[in-house]
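Please find the structures below.
Next come two complexes built around chain A: one with chain B, the other with chain C.
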Partner chain A sequence: MENMKEVILEYVIEEYCDEENDDVTFDTPLISGGIVDSFSMVSLKRFLENKYNISIPDADASPEAFDTVEKIELLVKRFLK
Partner chain B sequence: MAYSNKIKELYQNQLKGIQDAGLFKQERFIKSSQDAEIVVEFPVGSPPKKVINVCANNYLGLSSHPDVLKAAHEGLDTRGYGMSSVRFICGTQDIHRELENKVSEFLGTEDTILFPSCMDANAGVFEAILTSEDVMISDRLVHASIIDGMRLCAAQHDTFKHSDMGHLEKKLQLHADKRLKVVINDGVYSMDGDTAKLDEMVALCEKYDAILFVDESHSSGFIGKTGRGTHEKCGVMGKIDIITTTFGKALGGASGGCVSGRKEIVEMCRQKARPYLFSNTIAPVVVSGVLRVLDILSQSTERRDKLEANTKFWRKGLTEAGFVLKDGDTPIVPVMLFNAKLAQDFSRDLFDLGIYAIGFFFPVVPQGAARIRTQISAGHEMHHLEKALDAFIQVGKKYEILGKTKQEIIDRYGC
Partner chain C sequence: MSNIDSYEKRLENFDWSIAEKELDYKDGDDINIGWYCSDRICEMGKANKPALIWEGLGGVEKEFTFNDVRLRSNTIASFLKNLGINTEDRVCLFMDKIPELYIGFVGILKLGAVAQPLFSAFGDESLHVRLDNAQTTAIITQRKHVSKVRKILDQMPYLKHIILVDYDGSKPLREREVAFNMEETELVEDFKSHPTKAESSSVLHYTSGTTGQPKGVKHVHYSLISQYLTTKWVLDLQENDIYWCTADPGWVTGTSYGIIGPWSLGITQCVLDTGFSAESWYKFIEKRKITMWYSAPTAIRSLMKAGEDVIKQYDLTSLRHLASVGEPLNAEAVIWSEKVFGKAFLDTYWQTETGSMMLTNYPGMKIKPGSMGKPFPGITATILDTKTFEPINETGKPGLIGFKPDWPAMMRTYWRNEETYQKKFENGWYLPGDRAYIDQEGYYWFIGRDDDVINTGGHLVSPFEVESALLEHEAVAESAVVAKPDDVNMEVVKAFVTLKPGFEANDDMELKIMNFIRKKLSPLAMPQEIEYRESLPKTRSGKIMRRVLHAQEWGEEIGDISTLEDD
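Up next is the complex of A and B:
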């Protein structure tokens, strides 16, 4: 079974990173670190919802909840059926 | 009582936080007209000092041109000072429509609508033409005014990596189910000075039936062989659906902006764009000035040619001196310093040597990407640029950054 954190990290690196920040890890600050801005968060939310067949309410899709891969995993698990 | 001590202290603490972080911006008072040389009082209370300005958007040196001033005076005399009205009530003079037509001709578009600023144009256009069934796909480095305009719009939003056409194509494929797709970017990026790949974007938009939007505020008047803009440079004139641009930079430097492009889209703005409906019309004096600017630029490429030559000299000089620059060939030339305090100290030292250039740091640019953003003008003569270059080199030596890499500068000064 896929490791969720690895799947999320792979997407984050593919979607947001270039050679200047290719050392992103599970606890790298993504939003507060400037790697993902608030507009770009939308595509990450969409990816998670499609990948895991969940719906994340907008109120829960906060910059804090999306700030690291670890936190994102926790958020996804809250809404997994 | 309104505005209690509690509220006052809240803001005082926030302002102190900005100062403590080294991110506080201070204005300088300029006591002359905008030109290659200006007279500046800085700090407040000190004797005014004549300095060479290398940070204005006065790319063509027209901000104080005698012909433009004369036209503006004639506009004041024949059309008055202010219209006291939004456009659609009683704020449209014949010269407003004349300017719209002239802009359409200059940019090679079907129609144009004026706005009080390009900030207003960008704030109004997306909401006027898109709904929640649509998507805006923007380059990640688009101007702040575009971000604000997108926030006002109900359409969904996605982004693509800066200037990455492969990533843009993936996003166009991802959003194939949307009613309308709009690809959004700057023609020339205002902080990095690089140019959009408009020819590739046009091809992608044609392939995926998307609308293409370009903000040409740092292009109109001087990019392309005859200064029509990035679309001229990329060989795609007539293929951009929406162009926004400003009259507050190369095109005279006063104020005003516009949406220019497909006539149905322009008409939608005329009917629905909130800044057009609810904000005062451009003053006649400004309209008159811009009309003259467009005449000057349509008659000769002398100014944009001189700007091109000045830019080559400046970029070559800074590169050979060993500064870290961003790649590009536009008159926007960021000298990268990475650390906010270094950028501010560098700016202050340049001022002491008679050069006016401001440090840019967060939130204007990303954290760790502080810089002095230099902007070259056709108004600069060679002696201005030589003196400015000498000063940059002198200050660069003081801080021991010449010939150093980005990492070496960051290791020494932090970011």
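Up next is the complex of A and C:
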């Protein structure tokens, strides 16, 4: 299986960053850092659900749970069968 | 005691000259908002008082006194002047909530140019449409946002200067780009504010309607009069207050009450330029000892969702007054805030076009949770019959909200679109486009929009704009966009699409379309859900019947479908 953290990081950089702010790492704050806003979080959640064939309940998709790639990986793993 | 003291007493013999006198303004005098927000406060002996306390990512903190604001806005105004920016030229502010945005706004106004703040999350197409309409001469931005400007630069011959406030020299500047570092540039001690008059253009904010492109709402320097007085009486800002307006100056609340209101009163304000989280917000209130907090229902509902345990971890006793704006504040949120903060959020109703508060709740006045409150003194408001546009005298009967022109902050026109501006008036009343009713005690109660515009998280999104952008996606054949109910944002964007032959309706396609709109327009405009259809409901003449889809989403009666193509 691909390294999940790498996959998520690559997607975040590809979709939410540009050439001037692509120095995102596994522990860069995404939501509280203003890289991914609350509206865009919906598309990130959708990506994770499609990619890993999971369903993340809205109650678990909090800004805190999405704040870093590391936290997102933990969240995804909770819902992987 | 509150500034307004008694709402009822203030209604008696009210005149806007109350504010004019306090601001030492007489009819025909020069009036420059930039000067009022900086030089005048210094002349009043508050030069060393903090004007802006700012916190950004990674715990970076900056503080600017009113004298700092005066000097740095002088410096920005002088820099723009040397670039050849003239009076009435439009200068766009396209930045995160960094100090340069707030102080740059003041500098642009001092120069006599027109400040055009735009939300920094806008995608390149949303940016282009707005710059094109305004024929913007210069844009002040950051490295992280400049790529969006570069992408559309060839289509904007009128845009002469791209000013980067955080250029670090690591990559060469490109065509039309120039660096300006506000904190390193030599300060300009004396800059004579342009002698703007009451009707001189000041700010151009963009707002969305049901049809057509976004409209540039033109405000003038005289708007200060009602922005000053509403800040004083409704937000109740007093000399020792520490104020926090959570709105982004890319939207009207962030300028009317995030810059002009507090600074014209000489009040210290704080800005938190990080993303939202309940912890970071409460921590900020505790650390900065915020006393007056002006926020939005979406944020309040998000805080409610985060629960009460997190509140107990912070000392929020500094808070003495709370208010809300952007969309109707539901009764539950008012009751909740009273329970957890010991103070109710007071709802305030106004919009980009009105420039300042119109219907609001006041310190000391009985609050009816869920109500919009009562008209600000000097504002003549009513509920109009939807067909005759005559005032409805019966309490409890729904109709259209109407305001009698003019009040000081009323928009003067839609930029290069006078025809649409004129359509906002009926029978001598300005129509903000919302429906409401008045109860027996004169309180207004919001019912809903009178059009298809989507209010998501307090921001208006035009379904037409999203539908048009969807059609630019290679897979989309037809589109219809409506509001979908949402617990936190009140409404979110939902799109119905039919696909062209050869494209598969699946989850990956949905995500591709969502991201396409997010980048092209903005995250706010991105459909949170896309529903594939074989066909969309249309009239026999081929017009998509958005209201049928809207009714389905809201569980409402569909109404007359006699014109439906096939049912």
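Operating definition for what follows: the second predicted complex is superposed on the first by the 81 of 81 C-alpha atoms of A that agree within 3 Å, B and C clash if a C-alpha of one lies under 4 Å from a C-alpha of the other, contacts with A are read in each partner's own complex, and residues count from 1 in each chain.
Keep in mind that, in the parts below, contacts are C-beta pairs under 8 Å (C-beta built on N, C-alpha and C of every residue); 3 or more make two chains touch, one makes a residue touch a chain.
Everything numeric in this text was worked out from a predicted model, so none of it was measured.
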- Item | First, second, both or neither for A:P63, with chain B first and chain C second | second
- Touch check for A:D18: first (chain B), second (chain C), both, or neither? both
- Item | First, second, both or neither for A:S40, with chain B first and chain C second | both
- Task: State whether A:P29 touches chain B only (first), chain C only (second), both chains, or neither.
- Result: second
- chain B and chain C footprints on chain A, overlapping residues: 18, 34, 37, 39-40, 42-43
- Partner chain A, residues of chain C touching it in the complex: 57, 96, 121, 143-144, 146-147, 273-277, 279-280, 302, 306, 456-457, 507-508, 510-511, 514-515, 518, 523-524, 526, 528
- Query: Can you list the chain A residues touching chain C in their complex?
  - Reply: 15, 18-21, 29-40, 42-43, 46-47, 49-50, 62-64, 67
- For chain A, which residues are in contact with chain B within the complex? 16, 18, 34, 37, 39-40, 42-43
- Message: Going by the contact rule set out above, which residues of chain B touch chain A in the complex?
- Response: 138, 140, 147, 150, 156-159, 161, 171, 366-368
